[in-house]
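Heads up, the next two complexes both have chain A, just with different partners, chain B and then chain C.
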Partner chain A sequence: MAGNRRCFLKSVAGAGALTILGSREESRASGGQDRTEGVGVLVDCTWCVGCRSCEKACNAANTDLPRRPPEVFEDESVFEQKRRMDHGAYTVVNRHQDPDEPGKSSYAKIQCMHCLYPACVSACIVGALTREPNGPVIYDSAKCIGCRYCMAACPFQVPAYEYSDTLTPEVRKCTFCFQTRLSQGEMPACVQSCPMQVMTFGKRTELIRLAREKLRKHPDRYVPHVYGETELGGTAWMYLSGMSFEKLGLPKFGYHPVPGFTEPIQHALFKWFLPPLALYGTLGGIMWFLKSREKRAKAESGEESTHER
Partner chain B sequence: MINRSTACGIIGCLAIACLAALGCKDRSDSNASVQGASPAGQARFITISDVFGELERPPVRFDHDKHTLALEKEGCQPCHRADDQGNFLFTYLNVEEQSDSTALMNVFHDECTGCHTSRAQEGKETGPVTCGECHAIERAYDEHEYVPVMPDYYEVLRDTYHSDCTACHREPSKTAKDAGALDWKSFYVTHKKTEAEWPGVTFDYLTHAEHVEALEDQCGLCHYISPQKLEELKAEGREPAGRDWVWDVDRKTSLTRRRPAHARCINCHLQRRTEADEGGPVHCGECHSGATRTIEELADVARPDCGQDDMMLIQLDQGARAKAVAFNHQSHVANSRSCQDCHHKTLRACQDCHTVDGDEKAHGITLAEAHHEVSSSRSCVGCHEAEKHKAECAGCHQLMPGGLVHAGCSGCHTGTLDRLQTPGKLPPPEELIPEDVGDEILIGRIEDAYGPVRLPHLHKVQELTEISNNSALASYFHTDRMTVCTGCHHLGPMEAKADVPSCATCHTARDEPGSSTPTLLGSYHQRCLGCHQRMDPAEQEMPQSCTGCHEEKAPGDKCLAAAQE
Partner chain C sequence: MSADERAAPVAKRFFTPGMMVLIGIMLGGVGWGLYRMIFSLASVTHLNDQYPMGLWIGVDVATGVALAAGGFTTSALVYVLRREHFHAVVRPALLTAMLGYTFVGIGLLFDLGRWYNIWHPSMPWMWQGNSVLFEVGMCVMLYLTVLYIEFVPIVCERFMGRVNLPGKLARLNDLVDIVLRLADHVLGKVMFIFIIAGVVLSCLHQSSLGTLMVIAPYKLHPLYWSPMLPLLFLTSAVAVGFPVVILESMLAGRAFDRKPEMRVLTPLAGMAPYLLGIYIAVKIGDMLYRGSYVFLFEGSPASVMLWIEFGLLTIVPFFMFMSRDVRRSPLGLFIAATMYILGVLLNRCTVFFIAYRPPYAERAYVPAIGEFALTIGLVATIVFVYRALVTLLPVLPAHESEA
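Then we have the complex of A and B:
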């Protein structure tokens, strides 16, 4: 009995040790790749005037979105409510009132942040979402099975779903104009169209340099932080703002990528399928032991009863 | 038997999950933020840690206003003793005389609960008597609060990495080992959050004028003057006047200190209340209101006569390398809320404490820093920078790098009072603008969906010239006669009547990835619209919509069709 319990504990500890080994190996493997060398966009919210030209240009450039007449984008009443991206828009502009300073407000455009370590890509079980080596996180509707894990995984709650389409619904999120414009050597439509030049497109490393230069030159204009430089391991779209980023609906995140936390657990648990095997093996062993003991007890009691007789 | 096996299974599962989680422990997020300083509140916690040390019970949260209101009839007598002249000493009974902790504790226990009990017996409104009612665990009380101390060079390092100390230094709850080579200890102080701080008392020119009137010019009732100074003045044969009253500071009686201020202000207010049914406030929040009046609200209030020269040259006695700074004291008095806006509580000359090399009296802040620190609201440069954010200035100044980078030394260090006495005015625009530049300029180089913009160039320059000439500050610092042009034509150098380079010379119509120079489209909109938004936030005169500047094109327009394609 005692020997068996020791055996059980040993096997559990062994399985645990293997799990840890597995996770260590995994973390080394994913940490090696340098993802900071890609393209990105720097959004300087202090210049945004809420003209919605970017929304208009986005709709015009992305023909898979439902068509909207240009006049729709001149309506300023939309700023009365906070909007999110939906199946009909890859980007939206919101007006954010500063709760601490009444009268002070700032516009901010939101879209997919194109994370360097995208949680959606990590969560997608069929590989419909991929990250291009130069930055854009793109979606392949042909592979998508509509599980919407990406929507649950995204820390910025970006991906939207075509709930209205019953037959062939797709996940919708900003494409970075990857296929339509970037691959033709053009900038994303929103960047190109902005009359205030809120957005600057370029190499991410260059943009960080530019952002720092802006912060140094105009320290009173900006909150001294480049949002997206380090958040969740970094994002391709980065923000500068005159009011705190939380007030613009950009949450305070740590420096570690989301998949960096979830993947090792997942991968470790299923490494060579060992832990489940170990678990069920152990449970099976216990069952076998109990069964055999029961049998032995029965046999013994049978012997005893015959003895008595 | 079955129960036992199920339990074993569950334990096994849990063990595996725990071990798996352990494997990922090293990457768990550690972005706990540093707590901010305590907000202004009405109650304070009584800890007296220098006598009691670590408390056995949670500290008592004491609400002073609650007591003053409850004891309205009795006055201060129940809690504060008076001296021979009947002036209250604003300490709690005889706690000052107690040297050992048990005796001190007994004073609080006997007097507080004693009073509460006797009031209860008399059937009056009263307070708690049992231990836990006073020594309650308060959520607001957090014994250790970590407050980051910014080093002096923090402003220099202020960039994206240094905005968040915990990025490298880790939060203080971690052990020093976790922080690696970077030691957080030097960046944080443990701050015992025992007192909810009241906002300081705002003693502006209006409050001063009210006191002067009520006390019939008896400056000595509040201000201190040393016997030596009195002797000196007697030798000179004159009465103390002006800044003689603010020159000496007596540590025991200075009203800038907490204890003497409370003793003298409140006693005076109480006495005057009994004599003539007036007198000032006596409740905490009435003085410590945190309310401030703006300079505009104080515009008509007479400023105290401090006997200072209206204009002067600020020159160091020794060790000065730069030329003296011409300074208009009178105009600064008119544009401040109280003397303390620039002078600290002492009202001494700057260099008395801020020495050239930095002195402990001024926490090591040198004379140069005291005048030039951009982040300070008291320094010359800091305050002038803040002025540039005003609507009428911000239009041009929004894109100019601020502080000393732009102005250079010679802007202030002129060494002469000439310019201060005869301020220069900007010339009328007609003297500066070349003849061939029309009163209106048509901007249509990158015309597409909207029509070209008609910029009322002459009118705008006239407006800006007027703003500059009406402001004493701007008149003094806008020394170059072309200053008004640099708001838009920011790169100069320019001469009167000479052509300036076109915007498109640098700001090309082509969008270059990662370029720090805005495109022509971006730079026009940023300059024009950015200025309109800052100078006219209410959008009353300066247009801020597309059609405010541009003509809208008719649907059949060729350009529009091309743009839409």
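Then we have the complex of A and C:
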């Protein structure tokens, strides 16, 4: 049953790197549509100065977040620690010191990556998380049952939860400003707010072209990789950096989408409901065969059957 | 059917000193449960954005489902494979499974942030066929229904011809009796449909419970992450079924001053080595194939847990069940069964939160006292209801000295 699965994973000692053996099967999650055709954002970390304007704009644009006065976003002491997004912030900027080159540092804004093959969407038991055809991964709290499986599934550890809310806790993550701005033809608030134009909003295919152009023109400025172009099947938000992406806190991932591990198992087990029905039939057959053999044996020995069922 | 195979209500005093202690533990659980419902998850649990699933998922749900496997394994053994010799354990195993799954649902209510939406997955417009959790949820819901249906004949047997409702309801006595007789008659004819369905549904969700964490290949430690997780969960659940029945029978025997029914338990334990052997073979094969054995000595929580839950609490009871002397000794059986049950408990906890390594974890997740208290309170409630039902209904084998 589990043996003839299409994708096998082999864990490689030490590195923890994952190498896929066998054919690369497109995730069922794709539904046939070309997911690379949506919108995206290219984040060029080499230009980020850590002004936190994006955090301020995000809080201002997303009125469901706890209101915070603009001054708090001018506090630079937050860079003493690595922060994560939480139920009160969809995006945060961190400063990363290069451990190999003292004095060299880089800022990086983080938020939901809006995966092309989102694990959270695949995991969600009620479809409260969905991926819009043009890219944004959005959340509908009315459907949510609060199981938090999306949080366990997300490889980037993005979704946060309102654990302190008794009655209507929500999963919290960047919305790509889908309902508030994108649907009105505007770019996300953080992108628009950035004084350094760290972020470029546009068609994802165009952004990849732009990123490659930058890498070609300024090979000394960048690590030669577009983070998010292929990671886990690709993400709508992509990064360019002057230091290795792991130093920026962006994990090293293979190209295989995470739902590509579970969905083939699920869909193989439930292909036209044949495997469950086959199991049902087999068990029924065994039961019938043994029961009739019992009856025959009893009839032959002349005993009366007194067993119920 | 001979007299000693017949089940009967237990004729014992219900409120013993032990039961009073049990009720105290239950009340503790109720207190923490109420506290969580009034003051949110954050007020009771140590769950956070790094560790969204904790003790309640690992024990109340995952272990609860695994340990309730005794229900479908015994009904497969007795009704499908027609091993009538084990008839005496079917009803207690069925009751345990029914209570186990009921309390999986109740436990889940405390863990779900929006528990009042628990019905959402059953609504077609919210079905999400890609979600492993959706399949687990649907199968568990259907199986719980099947378990209740399988239990109906036990209720009928007790009350048919003996319906005696209090007060004004007494005039409904005849009607209720007719309903019971009808239910018993119809179910007697079609029960095989539900019995087989119960086995199929169990195989499906026991394995899918393992598939749940396959979606976190970068978070789960390589000693535990594997595309084989569904097979590992299924085989370990099948293997733990009989040990649970054995332990439960011995504990019930102890509670009601009966001798352990070694006549049934010893041959039941005789099957454990085969079932455990399958699980152990799959687990070791998986570690060899994926090369994850290289992490065995790294000293991480996952590797330590593997030695404890697999090395000590799975392989050792496997060898114990192999020994004829152990199988014939009540104490030996008790120890072997308890060890493997603990092994499964720790295995499920390891998969769901101990070997779970979020990339930006600030600190390890250690369950809060309220989480432990609610879990223990739920277990105590299961024991309480179990005792109440075996006192009320013909579940345990009839006992001459009490007749």
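Miscellaneous remarks
Convention: the second predicted complex is superposed on the first by the 237 of 309 C-alpha atoms of A that agree within 3 Å, B and C clash if a C-alpha of one lies under 4 Å from a C-alpha of the other, contacts with A are read in each partner's own complex, and residues count from 1 in each chain.
Note that contacts are C-beta pairs under 8 Å (C-beta built on N, C-alpha and C of every residue); 3 or more make two chains touch, one makes a residue touch a chain.
Since we're looking at a predicted model, the values are computed, not measured.
Of the two partner chains placed by superposition, only chain C is touched by A:Q157; chain B is not. Shared-chain residue A:I145: touches chain C; no touch with chain B. In the superposition on chain A, A:R67 contacts neither chain B nor chain C. In the superposed pair of complexes, A:L283 makes contact with chain B and with chain C alike. Shared-chain residue A:S122: touches chain C; no touch with chain B.
When the two structures are aligned on the shared chain, A:I265 is found in touch with chain B and with chain C. Once the two complexes are laid over each other on the shared chain, residue contacts for A:Q192 go to chain B alone; chain C is not touched. By the document's definition of touching, of the two partners only chain B reaches A:Y255; chain C does not.
Residues common to the contacts of chain A with chain B and with chain C across the two structures: 8, 12-13, 16, 253, 261, 265, 269, 279, 283, 286-287, 290, 294. Across the complex, chain B is touched by residues 8, 12-13, 15-17, 19-20, 22-24, 27, 39, 47, 49, 51, 70, 103, 187, 191-192, 194-197, 200-203, 206-208, 210-213, 215-221, 223-226, 229-230, 252-256, 260-261, 264-265, 268-269, 275, 278-279, 282-283, 286-287, 290, 294 of chain A.
Of all residues in chain A, only 1-2, 5, 7-13, 16, 18, 28-29, 82, 84, 86-87, 119, 121-127, 143-149, 151-153, 155-157, 159-166, 168-169, 249, 251, 253, 258-259, 261-263, 265-266, 269-270, 276, 279-280, 283-284, 286-287, 290-291, 294, 306-309 touch chain C in the complex they form.
Residue ranges of chain B in contact with chain A, taken from their complex: 1, 5, 8-9, 12-13, 15-16, 18-24, 27-31, 33, 158-160, 162-164, 167, 385, 389, 398-399, 401-402, 511, 513-516, 518-519, 521-523, 525-526, 529-530, 533, 537, 544, 546, 564. Against chain A, the residues of chain C that register as touching in their complex are 1, 37-43, 45, 47-50, 52-53, 76, 79-82, 84, 111-115, 117-118, 120-121, 126-135, 137, 188, 191-192, 196-197, 199-200, 203-204, 207-208, 211-219, 222, 225-228, 230-231, 290-292, 294-295, 356, 358-360.
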